[in-house]
Each structure stands twice: as structure tokens, then as C-alpha cells.
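Listed next: structures, encoded as C-alpha cells.
Paired with chain B in one complex and with chain C in the other, chain A is shared by the two complexes that follow.
Here is the complex of A and B:
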């Protein structure tokens, strides 16, 4: 019996210790650091200042507040676009699923999901080049519109980031919702047909209720990703122009590794952490519930 | 009958339209990688490049093969270490019954949700103290830590498909847990484990933020090399395009492999296909 206990412990304990050391310790240490005024380059000279970093960030630092606001603007806009387009695409692929070619088209459509975010940023940096990029050329020749600096003006830059972000993740929402549509029992469609329901009724009364779990799951998972949005910003706008596309993760990176203000940076990290924990708690509950009450196979 | 053919054609056209939205930007970058600096931005655009022009690739590869090698070592290394830690844990969480089981599973999952940027500075200080900054070893360790929660959850979702009776029967015959894990669970979940490995591989391969914090010169990964190309005053776009194409090859090939299990992986095993 005792041997079995040791054996079981060996299966689980190493991972826990590893996570404690590399994943949990750093977050606790961040909380500790956030109470100091410290420079990464002069770690031995740090001053305890208590809440001051938080006070400055939350009540005085416009850049940080803008970063929070931008993060959520980008998150909500991207996710809305992803849900709507993702649903439309899922529906189309659902309707043509019996066609052989639909498989190939679907596979090609989901390629962006796994692409290196850095590369996604670069692809659009190239395409959206204001004077010589292909996008400007198309807009000018086919629509007669004057090209603008898509990434160089505050509002277009924000819209561009939202579009790039949704471009990469709409396919994810599509396959997730498609998996959802596959679970709708065929009889429900038949019954609706007999009752003479139109497409709108089918959508609102049958489809959306039965894929709601999938949608929520998708929203929460994407929210977690959007909170840590960094790579695309880093390579396209660097938070600019001005602070138009400044987001939380990029702000933290800049404060910590460009200005070396690790006290302030850690406070910002902790705030991101708290926001993530709130979203996570919801996410974990949801993942558990989705997994438990529905048989998706 | 007639109308249903018509309907199919219209839907197919829409599907192809969407596919083009998601593939054309990539194709444009791919074409760009075969252009010289002039053709890259000429107006009107050079639609079809000369595919025998591979200078961008030879330049990039000769400048960056060590970074590519670093990327490969870190990616493969962290994939293996992640599996070594995660598979037994996932097995334990699936088949052992102990107090706090659900709590432990949730705790492991919740570490996946923590933003890496919040761990960067403490880990930086830790590895500086251990004199391991700018080393591939440090990157492997950190990537492993960030990937374990994902790997545990998704592997567990595959282990759960193994019939419980099979495990119990082996227990009664006196097999040790270790034997059951190695001789029954792992072979029966080969497909699932491959899925996990592919995802972990791609996550590590794509990682930028931590590498940005941790590497100075020696241990720079390929994404760091690429991002350095665009922070220069004069961007040589042909080279950048070639580097982007090289960086994108593994994720694209592996996504095609994943196909069936991609939803399952991206939702941490919550959705089965």
C-alpha cells in the first residue's frame, strides 16, 4: 500500500513542484517587486514604497489607463467580429459539409490560427505599407480612394490591429462553432422544417441555443489571449502612433525592459494578473461545465 | 434538385471567398520572398515573381542558421521535457482517486491562463542569479513551464477515453501503475499524445515575448532574429519575407497534420471531435 502511494506521488508531484518554481513563484515575486521603486539595472538599490506604484498607475498614468482601455476595446471588437464572421463561415461549411472539396477549403482557411503571431504582424506590415503596399494599390485602383497611413494614424491603426487580430482568430471561432453545429440533432432541423420555420427562426431558436456553450468557451479563451496581446503590436505599431495602440502587455514590457522600471512594471503586471485571474475563474468553471454536461463526441 | 445545386454553388463560392481572405495575405508574402528589393514595392505590383530568384533565402539562411538551430533545439527540447512532466501527471489525474483531485486539475489549468509578461521579470532575475540568462536551457525550462498546463489538460482528455475496465483488470493482475502507464495508456493514446506534442511544438516555435526578455546574443531564437530585421532603419523586405516564410513552414505543415484534433487542442480538450 505504501509503495503504491509513493508511486502515485511520483506521477504527480514533479509537475507540481516544477509549476510552483517556474510559474507560481514568479507571480508572487511580481507582487513583492511591485511594492518597490526599483531599476532592473540597479537591483541592490530598491526602496519600499508600498501602494505608490499602483496609485500612480491607476490614478495618474494616462498611458497605462489608455493601455487598459485599448486592450479591452481591441478584445471586444475583435471577438465580436470573430463571433459574427465565424458563425457565418461555420454555417456555410456546415451546409456544404457533404461536398468533398469543402474539407480542403476548410483546412486552408484555418491556417492563420497556428501561424507565428510575429509573422502575421509582418505580413500585414508589408501589405499595409502606406505608399507602396498592395492594399493601398488595390484601394486606389479599384475603389479610387486615397491611401492613408493605416498603421500611422491613431484610429486607422487601432482598426488595423483589430482586423489583423480577427483575421488570425476568426478561423478558430469558425471551427469551434462548426463543431457546435455538428452536435445539433438532425431531428430538430426536420421538425423545424415541418413547422415551416424560416432560417431566422432556425438560427435563433435551434442553432444559437445549442451552440451557446461553444460560443462562451470561444469568447473566454479569446479574452485570455487578447489580454496578453503583444507580438502583433510589437512588430507593427509598437503601441503607436503616440499611445493609440498601447496595450497592457506591451506597456509592461516597455516599462520593464525599455525604461527598466521594474517596480512600476511589476505593478502593471500584477494588475494584468488580477484581470486574468477574474477571467480565468470564469474560464475554468466554464471549461469544466462544458466538458461535463455535454457529450461532444 | 435544381435549386439545391444552385444553392451549393453559391455557398461554395462564399466558402472560397472566405478561404481567399485567409490565404491571400500569406501568398503575397510568399511571392514577396522571391522578389528583389525593387520588385517588392514596384507599382503596378509584380503579381507573379520569378520563382528561381532565391537570393533572399540564401542570404537569410546564411545569416541566421544558428538562430534557426537555436529555435529548433529550444522547441524540440521543451516539447520533450513538457511531455515527460505532463503525461504521468495527466495519467494520475485521470486514473488515481485522491483528495483535492479536482482542485489540483483546476490549479494546473489556471496557471495556463496567467499572462507570461507577468512572470518575465522575476524569471529574468532568477535566471540572472543562476547565471543562466541567454542560454537555451533557460528558454527550454520556461517554455516547458508555460506548456505543461496545456499538455496536462489535453492529454488527460485523451486518457479519459481509455476504458476504465482495462486499467482495473491490469491492476487486479498486479501490474504497477508505472507499467499500466507505459504499456497501456501511452500506446493507446498515441494519436492524442502526437496532437499534444504538435501543439506544444508550435507554441514554443512561435514564442516571442520570453525570448525577447531572456536572450541577448548566444541563445537568440529565430523570431528574435526576424523582429530585429524590421527594427532597422532600412527594412530589406525581400529578406524579411523569406525569413517569414521559413518561420511559417513548420506551423503550416503541422496544422495540416492536426486537422482532426485542432478544435480539441485549442479548447484544452473541452471539445471532442
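Here is the complex of A and C:
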């Protein structure tokens, strides 16, 4: 090995060691533990059971299977809402970008992203309280409807979680889409105007194709975030009522830190990781294809 | 004034010739030790903080009491134990966690400590503990911790409302249902949001609720567990889907119609708050929270409530739930001697009495029969009767208790929120709990 190669190796060695210590080793250890029946209070008596934890989780445990289903239901619904509302908001901010106040409004509108999900969950817990919450008051006073337990009934609870999640992350999608809209050349708008295109044509033929890459990037990032969704569930519903809002991350937490079943919890964490990798790979492949198509067009 | 009386009654005790125990002789010198106590954030925690300086004056050890929520406390204690953490010296542990703590080798058994030390057993006064509660501190045939905060369930009801309607306090499930129905949405009582409130939140809250009621419903959770059973853990095959269990869940499904909106998310605090704020006519509640209903700072029902024995189904008898907290020495503590001294001092009959007079729950026969305690906590006679009728194996106490209760709580909550029928939910609960127990070899 020549001197230059040794130097290069020495330069990347600390990073490799760092990655090995904080990412790769815990992951490998997690995979190792997932093959055992292990409880935190008696780790010295853990015993090897092979694939059994995976088999139970993927084929027998209806709570975990529901958690996978709920995670994707919440993810897809939230992201769809975020894209629609985010696009509308981005369009509004794009149209008023020349106004001095637009910067201030834009800053205020992204405040939800800056809040920690725990705080967001707590705030909505109070807002949605059936007897003391402002939402119940509004619904009762203005619409004459009896307040219900928004977080205590299966369907309303799921809808509430989707709304809370969307409320917090729509501004994120808005910022991405606004950045995309800013990249659309002004000439295209002028040409469309001369050709007599209406708003719908502008949106579908110019804007959406131009911002598709930004949109996909947002979807990828939000998908990863939604697969890890935990805090809001922890504060508001704890996966309930029943298992209506049980999601994968909360299931893993419960198994690891409430039941202290380290083997099952590790298996669940590994499954989440594999699902994340698959979903991200698909999304990134799509993203690259869109970018390539955009380059050719 | 109360503090002065408390100070005089406790502080001078070690030096008083009339004192039953000479604490200066019984306790060691622990000057310089900062004893850390890890506790649940239950209403008694202020009373623990209030009396602990007396221990400091006798032994020189300062005492820091830190409180946590129920689930958080369990999580912290087990994780700390698995790491051999010595941050806390004294652990207040829920009696039902005892099997898990013993299995994890987290605690130094008090029976070993008092044998090694040759402790004066009149300080421990084990026979003075009410047996249904004392049993919570025993596991593997050994006394592991000292019981101190026994709770029993009583039915709490609003005397003003019951008198106005000419009703007697409910004795049976049917009485409870009829009264709940009467008070729900009754225009005469617009401040009421429901007739009754129960713990219905998914997880521990709903799971524990099942165990609290099932014996009085005439059922039992598993084959060999019934009041008076010689060995409750001999046959743990589940009976969660027995006719009695399903009938009880169906009764709860009917009861939920007469409860406040949002009751599906009620746990201990929400249930007590609903009664304190005058929003429900009845609750079943742990006795530790009963003094709160007379607290002028938070209660709207002062002088308007009374207690009765836990209700029972027709043909069954009342088996009031028992629970509460036991004090254990952290096996990994660096101050085991000081921790043991604190335990025997704190749980002793005379300090227990003073602690109870500061607003904490009585757990000993002597405290239950104490005239001053009876005068200050007028519900004590009903509480005492409840404690004598209670069954110590109310909930499982083995190492899987938390998981079993959580699993059951999810299924019960599913039945209560309409995600499953009572039979479906309890069939699922039985299957899952049996599988759990099999995985750890509790059943074949």
C-alpha cells in the first residue's frame, strides 16, 4: 500500500469506527437479540428461538399486524392531506410573494414544524377533550352537535391523529412545494397566459410537472417520519382506543419498555427497519426516475 | 398548627420515655448519607416528604423523595435494576410488581436484613399489617419488602343526590346500574355528566379494572385464583372468557352509556377528578384518593359524599380490590444499611400512624382502629371492613404481571369502544394471556 492510500485510509478510519460503534453494532446486536426469548429482568436466562419472534409478529400477532396497517393508513392519509393543503398554501404564498408581509406570514405558518410533537400532542389533547376542549365547544355551540370522545372512539381517534399529524407537517410540504414553484421560469407562465391557458391548465401542465421532484422528496421524507411516528400517539391515545391507533413504533416501545420483552421488541424494530428500507428504496427509485424524465424533457 | 403537632409527636418520640421504640438505639448513625427514595406520585407523597426530616434528625441522613407517574416509575425502576443502578436506595414498588423485581434480583429481601441485624420485631410488627395487604410484600415464600401504603377499593357516592332521590347506597351491580341510569342526563342535576365513572382507558387502567371487579362479579381470572385459594398460582389457565367474565364485560358495555363523555380514556386521575369536580354521582376508587374529596382546594363535594362496600353481582359477595405500595431496599444501593433503617422507621406502627394522620392511607390494624384516625378519616370503618374482605391475589403478581394486565386492558378497551364484542374481546384476551404464560413456562 502506498503512502497516499494509507493516508486516505487513516482519514476515513475514525468515521468508519464511529459508524461501526453507533450504527452498525447496535443494529447487529438488535438482530442477534431478536433471535432470543429475552426479558430485561432476566437477560442471563435468555434462550435461542430462531425466527419465532418474527413468525409470531408477522403471522400471529394481530396487534402488530394492525400496527403496520395503521402506520400506513396514517402515513398515506396524512401525506395526501399535506400535499393538497401544502400545495394550496404554497400557491397562496407564491402569489403574494411580492407583498412585504408575505415573509412574516410564511414564518408564522411554519411554526408547527418547530414545535416538538410531544407539545403538539398535549395541545390537541386539551383541544379535543370532550368536556373542556375548545373543539367540543365550537362543535356544540355553532353546529349543535353533542361532543364525542374524539380520541376515545376508534374512527374519530384515527382521524384525529391524521389531522394532528397533517397540521404539524403541512407547512413542511408547503415550504418544499413553494421552493419548487419558485424554480418555474416566469416565461412559462407568460407563454401560458398568451395561449389562454386557465388556472387548471397552468397547474396540471406547468406547475405540477415542475415540482414533482420536490413533491417526491417531501413524500420520501414524510414517509420515513410517519413510519417512526411515536410522540403524538404516546401523548394522545397510547395506541388506543383498543388498537385503533397502534403504530409500529409505539408497539415496539411498548414491547421493549413496558413489557421488557427485548427479543420480541428487537424483532419488531428490525421489521420496522426493513420496511423503512424497502419503502425508501422504492420512493428514491421513483424520485430518480422523475428527475431523469425531467432532465430529458 | 397541624405541622407543629406532627413535629412534636414525631420529633420528640425518639427522646420520650413514653415512646414505644427508642429510635436512637434502633437506628444507626448515617451522617453524610443522602438517602434517595423513588416513589409513585400518589397523593401520599407529600406526607412522606413531610415526615422524613424526622429520620434525618435521628440518623443524620438526609432524605430526598422523588415522585414519578405509574408507568414511568415501573419503566425507570426495571431499567435501572437491569443496569445495576444505585441512584435510588429505597424503592416504593407496587405490590403486583414483586415477582418481576424478585426475578430481576432488584431488591434486598427485608427478611434477610432483619435476620442479619437481629432487628427488634416489635418495630416491624408484621402481624399488625392487614393480611390482604401484607401478602403483597411476600414472594417465593419470603418477606421481600415492608408494606406501608395499603389501598382498598370502596364505592364513593354523593349523599346529597342519593338523599334527594331517596336512594340507598348501591349494594349490587343492578343497584349501581339503576342509579347510574337515573343520574345520567337528569335535568334536575345539570352539573352531572354521568352517573358513574370507571377506568376504561386502554392498557393498565382497563386491565386492572377487570381484576378489580371480576371476583365480585362471581368470576375468577384463572382456574386456581379465587378468594381463599390455598395456592392461587397452582393452575394459571385463563378464565378470561368464562361466562362470568363475558357477562361482566357486557355489564360494563351497558354502564358506559351512563358515564361521562370521554370515559373511554379515563384512568385513575380522570376518574377521581370527575368525582372531585362533582361531575359524576358515583365512582369506585382506591382509598388513597378519598382524602382528596375533602380537600377544600380542589374538591366541590366536601361533606357531600360517603363510602360503601364494593358492589357485587346478584348471588356473589363483595370482594373489595386490594393494592398499594411496599417499600423495598434497592439491592444495588450503596447505602443498604441506611435504606433498611429508613424502611423499618417509616413502616413502623408509630410512624405509620403519624404518616396516616398527615393524610396518608392506613394499612395496619392499629391505624384502622385508632380513634384519632377514625375521627379525621371518617370512612375508616368501611375501609377496615373492605380490607378484611379483600383477597390478596387480586391481580397476578408474577414477573409477567405488567404484560398480562396490559394485554387484557387492550382487549377490554376494544370491547368497550365497540371494536369487538364482549365474547370476541375476552376470547382474544384469554388466548393471548395463555400464550404469554406458556412462553414463560407458567402453564403447559
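Everything below uses one rule, namely that the second predicted complex is superposed on the first by the 266 of 297 C-alpha atoms of A that agree within 3 Å, B and C clash if a C-alpha of one lies under 4 Å from a C-alpha of the other, contacts with A are read in each partner's own complex, and residues count from 1 in each chain.
Heads up, the rule we're going with is that contacts are C-beta pairs under 8 Å (C-beta built on N, C-alpha and C of every residue); 3 or more make two chains touch, one makes a residue touch a chain.
The structure displayed is predicted, hence computed values, not measured ones.
Peer 1: Where does A:129 make contact in the superposed view: on chain B (first), on chain C (second), on both, or on neither?
Peer 2: both
Peer 1: Applying the document's definition of touch, where does A:244 land relative to chain B and chain C: first, second, both, or neither?
Peer 2: Only chain C; A:244 stays clear of chain B.
Peer 1: After superposition on the shared chain, which partner residues are touched by A:156: those of chain B (first), chain C (second), both, or neither?
Peer 2: Once the two structures are laid over each other on A, A:156 reaches no partner at all.
Peer 1: With both structures placed on chain A, which of the two partners, chain B or chain C, ends up touching more residues of chain A?
Peer 2: Touching more of chain A: B.
Peer 1: In the overlay, answer first, second, both or neither for which of chain B and chain C A:258 touches.
Peer 2: Only chain C is touched by A:258; chain B is not.
Peer 1: Go through the superposed model and pick first if A:137 touches only chain B, second if only chain C, both, or neither.
Peer 2: In the superposition, A:137 contacts chain B only.
Peer 1: Between chain B and chain C, whom does A:43 touch in the aligned arrangement: first, second, both, or neither?
Peer 2: both
Peer 1: Shared contact residues on chain A, chain B side and chain C side combined as an intersection?
Peer 2: 40, 43, 129, 257
Peer 1: Give every residue of chain C touching chain A within the complex, in rising order.
Peer 2: Chain C residues touching chain A: 71, 74-75, 78-79, 81-82, 100-101, 103-104, 106, 193, 201-203, 260-265, 279, 399, 402-403, 406, 410-411, 413-414, 416-420, 428, 439.
Peer 1: Looking at the complex, which residues from chain B come into contact with chain A?
Peer 2: Chain B reaches chain A through residues 7-8, 11-12, 14-16, 18-19, 21-23, 25-26, 28-29, 32, 41-45, 85-86, 88-89, 91-93, 96, 98, 104, 106, 108-111, 113-126, 141-142, 144-146, 148-149, 152, 157, 176-178, 181, 202, 205-206, 208-209, 212-213, 223, 226-227, 230, 237, 240-241, 244, 247-248, 251-252, 254-256, 258-259, 262-263, 266-273.
Peer 1: Contact residues on chain A for chain C in the complex?
Peer 2: 37, 39-43, 62-63, 129-131, 146-149, 151-154, 237-244, 254, 257-261
Peer 1: Quick check on the complex: what are the chain A residues that touch chain B?
Peer 2: 4, 7-8, 10-12, 14-16, 18-19, 22-27, 29-30, 33, 40, 43, 89, 92-93, 95-96, 99, 101-102, 105-119, 122-127, 129, 132-134, 137, 141, 167, 170-172, 175-176, 179, 214, 217-218, 221, 224, 227-228, 230-231, 234-235, 249, 252-253, 256-257, 262, 265-266, 269-270, 272-273, 276-277, 279-281, 283-284, 287-288, 290-291, 296-297
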